[in-house]
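A, B, C and D label the chains in the order they appear, each numbered from 1.
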Amino acid sequence: MKALYFAWVREKTGCSVEDVTLPKGVGTVAELIEWQMGRGGGYAEAFGDAKSIRVAVNQTHVGTAHPVADGDEVAFFPPVTGGTP
Amino acid sequence: MIRVQLEDFDVGTELAKLSDGNLGVGGVCSFVGLVRDMTKDGKIGAMTLEHYPGMTEKALADIDAEAHSRWPLQASLIIHRYGRLEPGDRIVLVAAASAHREAAFEACHFLIDYLKTRAPFWKLEQTGTGGKWVDARDDDDAAARRWHSVNKAAE
Amino acid sequence: MIRVQLEDFDVGTELAKLSDGNLGVGGVCSFVGLVRDMTKDGKIGAMTLEHYPGMTEKALADIDAEAHSRWPLQASLIIHRYGRLEPGDRIVLVAAASAHREAAFEACHFLIDYLKTRAPFWKLEQTGTGGKWVDARDDDDAAARRWHSVNKAAE
Amino acid sequence: MKALYFAWVREKTGCSVEDVTLPKGVGTVAELIEWQMGRGGGYAEAFGDAKSIRVAVNQTHVGTAHPVADGDEVAFFPPVTGGTP
């Protein structure tokens, strides 16, 4: 699985892109976030406030119940703030 | 048509393209978003827009397609910049062309409201004390939600 | 700012002027009206717009002032052409600049709706069978009336 | 009083601008329209469907009860059709 991080999630994890082998028992977005928190350090900090994290699987916004699998591109980021006032 | 780019754009040229060669267009509604020098947290010097290449184009194309499915549009346009921008710089241009003005106005408004909650862009403001990631606004969510109950505009 | 003129206008230049030197402008909403080649009565070749010099400028200035009294605008613009126009030609440009997009959208929409029922312009369409004065549309009255109950937009 | 005619009102009366001396007993827009109808010919035709006539006194839209006086600029025209679809 390919993991991408943007904005302050990227800054806290210190990583833009990485290859992640899905651990056993991780089959949904919620389980993946929980696993990220368990990695400690910047990851624990980035994923500590899970309500502020948005997730896209294969470039589509998804909810926390969405499945994840090897081969997916999973992106983690804050709520978007494009556009203009 | 959607575009994600570093460079500025020429509003007049872009809007003219929407009706060029299409004599059925009665009106073009557009919205240009600009960087302000002041936010609720104070004065800013510049900002950097980060985005998610690939997903951004996909999200904008989806929003554009949704607008065409809801209103009778002859053409539409979303151009969004990324990278470093200064106060006064253009950030975004959305536009909708239709035979009648109601459809053009509603579709254009829809494009910018949806873009603000769906397109993966993040703003880092440079303030006097360093960089600050801009928080999403609740009223942007509310603005996007209001379109959930709008089916199709009267022409 | 209001202008009544024979000549075409450059949309990009005009819109840029609305925010030039004003770093408090967050968005500019605009609407360009164009001559279509088809109306409900069939194909048209060209049209001639007659107006009432003096009253036109007064009516547009009143509409513009009314928009500023209702919404927090940094700038606004109405340009309306008169004389002979062909399909594809620009007729009118209205625009509103504000710190926030809601005010810009509402004020721009208001400008064009009010203009259509208050500004003394009359369209003579050249059809295959001669000239025909365009009838006013009931839905234009309805569009203008809806603003009677709108007081002031939320920012 | 200066009278102005626009669009099909102008075409029917055959006149763009004229000086009119207000006849005795004509003090409102409604009375002026009635007097115009009585002039016959193109005027009778133009003012025959009084509901289709709009009036501006001194360049401001007014209703039929509005007063008119010598020195006023009074314009007669159809409902306006500017702007765009």
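For the reader, a short list of remarks on this structure follows.
Just so we're on the same page, a contact is a pair of C-beta atoms (placed from the backbone, for glycine too) under 8 Å apart; a residue touches a chain by one contact, two chains touch by 3 or more.
These numbers come from a predicted model, not from an experiment.
Both chain A and chain B are touched by C. Chains that touch both chain B and chain C: A, D. Between the CA-based centres of chain A and chain D the separation comes to 72 Å, rounded to the whole angstrom. Centroid to centroid, with C-alpha atoms defining each point, chain B and chain D lie 48 Å apart. In terms of their C-alpha centroids, the spacing between chain C and chain D amounts to 26 Å. The multi-chain contact residues of chain A, meaning those touching 2 or more other chains, are 84-85.
Those residues of chain C in touch with two or more other chains are numbered 26-27, 33-34, 36, 99, 101, 112. Because contacts link the chains in a way that matches no line, ring, star or complete pattern, their graph is best described as other. Chain pairs recorded as touching, per the definition above, are A-B, A-C, B-C, B-D, C-D.
Note for the complex: chain B touches chain D at residues 26-27, 99-101. On the side of chain D, the complex with chain B involves touching residues 84-85.
Listed in rising order, the residues of chain A touching chain B in the complex are 4, 6-8, 56, 59-61, 75, 77-85.
Listed in rising order, the residues of chain C touching chain D in the complex are 33-34, 36, 49-52, 54-55, 58-59, 80, 91-92, 112, 115-124, 133-137, 140. Listing the residues of chain B that touch chain C in their complex gives 10-13, 15-16, 19, 23-34, 36-38, 87-88, 99, 101-102, 104-105, 108-109, 112, 143.
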